[in-house]
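Heads up, the next two complexes both have subunit A, just with different partners, subunit B and then subunit C.
For the complex of A and B:
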């Protein structure tokens, strides 16, 4: 949701905006009083088309912003090629940035943000503009950083990013925190744990009567060509899978898809419950 | 110590004509060391 306050909060933490009231600290440093220490500790990746020098190459942009971030010339010599490799820009490293696609620019932003090896990373919509493969590669990189002890605050309206990467979720709505909890609990708010979609040929018997408590028929369409049964499961259970197995004994199963409850559904549940 | 600590952070903007817009209101949460916290809406 636009206007939720996500980008404002990122800018406050990045010392780009002063808070009107309250305090914010990064690694113990106050974002108002200890600006320099906060900036040396933190990288912010805002992304978008701005913030890069178009008439110089990606490699030169990296070296320039690295120097601004206090990275030594010696470290730059090894880290710049590493970062270009990490974000898959090695082949385009010496081309002017004005020839880069939106996705390539986004990846260059990410490389610049990681160059100084920050202890805290603020990521604002990091996968916007990336194709699915690029986005997945970036998510893997972020996951690796977590393994190295980097603390990350990730802003995204793409819930897949949050789902894949976050340990905890904070929900902002019109500038207020409306929920904060572990990811698993958040997903549970959807009201069920998983959705099973069965595609088959043939006729099922009494579906509702065959299933144990905790499984609800969400949709059931039988057609001569292909039929679909969608079940919502409140929780995983062996009984349920046994019952499902018995149910499909006499039909020709074309596909079974099982997916966990999505954050979108949890958000929808929370939004419906909000006053 | 937490990696990020926010305590009752608010941010208000004054728009042309004097009207105000509150972008953040009383926001408090923290991010632990090595933790990834996503925030969304």
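For the complex of A and C:
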């Protein structure tokens, strides 16, 4: 949520801010006492329109920031073209950054963050402001990094990012950790595994009485033209499938929509439970 | 997995440091070469200064022309420093690039110094080129009695501009009124540096203040190198003041960077 302290946390871990109290460690290195070691292992991508030199090219920006990250000149020669290729900026590499779109700038930020081959990558709201295609391409790039063994701390209030990329979820509220758990456990906090929406013509009769204990009627509207039944399923089971089959035997089914529980619903449950 | 060179021997680190300095200078030149204020200060200003000082003058000798040309060159150099080198950090903050400089593995002071050097080099080369073209157009003769000494003087001038840039620029980072401070500083320093009024005409308290400005000593060294016997004592004082500016700038920049990390007071992003 806004104002929770996500960006502040990222800045503290990136050694840009000193913590007012407490300690923070990355790979065992203290962000205050072992600043250099933290910077050696970590890279931060804060994204946005700023943080780039507008009057020079993307390639020059990449080489410059690579140098600041301690990448040797020899490595820069090979890695800069690779990174530009990876983020799909090879064709625009020699254009001034002031001509780049927001998505291109964001991808250049990602290339800068990855150039030093960090062991830990800090990402602050990486897909904010990107169109769906750009955002999806970026998520794929980040997902590939996980496969390469890079540890990623992604801060976002866009739960689609979390759903697609996270293994573990940490919730912050006003600078404090209010929850931390694996993604699957977090998703389960919604209280159900899936939502089934049935659209039909006819009359179902006693719905609640014909369903097993794992299914709860969320909404049921019967109308002469078209009726809707929304069920929340705590977990899938053979009994449940059979019961659903029996339930719709006598009606004319127009549509059945089944979707897993959303993280937003888990988030809402957790937020409601918070003091 | 990590491509860094932090464990290199001292000599190699020194070369790397010089490399960083030059790369930063090159990037700064590329970044500001189309800035309108730098063009105004290094192209239009010297033309105007030369025209208003040379055209009404009855003395168009080479010695008089040299004194005027050196005074204009130093005035422009200082104005360019106030608007270019000293604004490096302010510009970096405005663009959101200062944070990466502070969080990188390269010493941020080296980056700031390198960028100040780039701004000073670009400004001085443009100003000199403008002066040369204008003097030729006005058919004004000038002296080059000791070209080697003049070159040394110019190198010290550029170094001095970079050092002053770092010193003042560090202050600019913590104020939102950097542009106004630049404008305020420009002419008092030109006056106190003896570029418009000979420094021996100053009353005693102002003479002391004037003695702390490296441009005053560089003016003396450059004029004597151009028209007669170089005053190396003036050069030594200018070098000492430049070193003092650089030490002060490096110290101040370090303090301000640390303060920014502690307070989160800089608009880093």
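One rule holds in what follows: the second predicted complex is superposed on the first by the 240 of 275 C-alpha atoms of A that agree within 3 Å, B and C clash if a C-alpha of one lies under 4 Å from a C-alpha of the other, contacts with A are read in each partner's own complex, and residues count from 1 in each chain.
One rule holds in what follows: a residue touches a chain if its C-beta (ideal position, glycine included) is under 8 Å from a C-beta of that chain, and two chains touch if they have at least 3 such contacts.
These numbers were taken from a predicted model, which means no experiment stands behind them.
Engineer: According to the stated criteria, A:16 is in contact with first (subunit B), second (subunit C), both, or neither; which is it?
Structural biologist: Only subunit C is touched by A:16; subunit B is not.
Engineer: Using the touch definition from the top, say if A:91 reaches subunit B (first), subunit C (second), both or neither.
Structural biologist: Neither subunit B nor subunit C is touched by A:91.
Engineer: Which of the two partners, first being subunit B and second being subunit C, lies in contact with A:50: first, second, both, or neither?
Structural biologist: So A:50 only meets subunit C here.
Engineer: Mind working out whether A:172 is in touch with subunit B, subunit C, both or neither, as first, second, both or neither?
Structural biologist: Touch status of A:172: first partner only.
Engineer: Quick check for you: in the superposed arrangement, does A:249 touch first (subunit B), second (subunit C), both or neither?
Structural biologist: A:249 sits against neither subunit B nor subunit C.
Engineer: With both complexes overlaid on chain A, does A:68 touch subunit B (first), subunit C (second), both or neither?
Structural biologist: The answer is second: A:68 touches subunit C but not subunit B.
Engineer: Given the touch rule stated above, what does A:39 touch, subunit B (first), subunit C (second), both, or neither?
Structural biologist: second
Engineer: Tell me which partner A:154 touches in the superposition: subunit B (first), subunit C (second), both or neither.
Structural biologist: first
Engineer: Taking the superposition on A as described, I'd like to know which of subunit B and subunit C A:26 touches: first, second, both or neither.
Structural biologist: A:26 sits against subunit B, while subunit C stays out of touch.
Engineer: Does subunit C touch more residues of subunit A than subunit B does, or is it the other way round?
Structural biologist: B
Engineer: So subunit A touches subunit B in one structure and subunit C in the other; where do those two contact lists coincide?
Structural biologist: Residues 8, 17-18, 119 of subunit A touch both subunit B and subunit C.
Engineer: Show which residues of subunit B lie in contact with subunit A when the two form their complex.
Structural biologist: Within the complex, subunit B touches subunit A at residues 1-12, 22-29, 31-41.
Engineer: Contact residues on subunit C for subunit A in the complex?
Structural biologist: Checking each residue of subunit C against subunit A gives 1-6, 19-20, 23, 27, 30-32, 34, 95-97, 99-106, 111, 261-262, 264, 268-269.
Engineer: Show me the residue ranges of subunit A that touch subunit C in the complex, using the header's touch definition.
Structural biologist: Residue positions touching the partner: 7-8, 11, 14-18, 36, 39-41, 44, 46, 48, 50-56, 60, 64-65, 67-73, 75, 79, 112, 116-119.
Engineer: For subunit A, which residues count as touching subunit B in their complex?
Structural biologist: 1, 3-6, 8-9, 12-13, 17-28, 119-120, 142, 146, 149-157, 159, 161-162, 165-178, 180, 183, 263, 267
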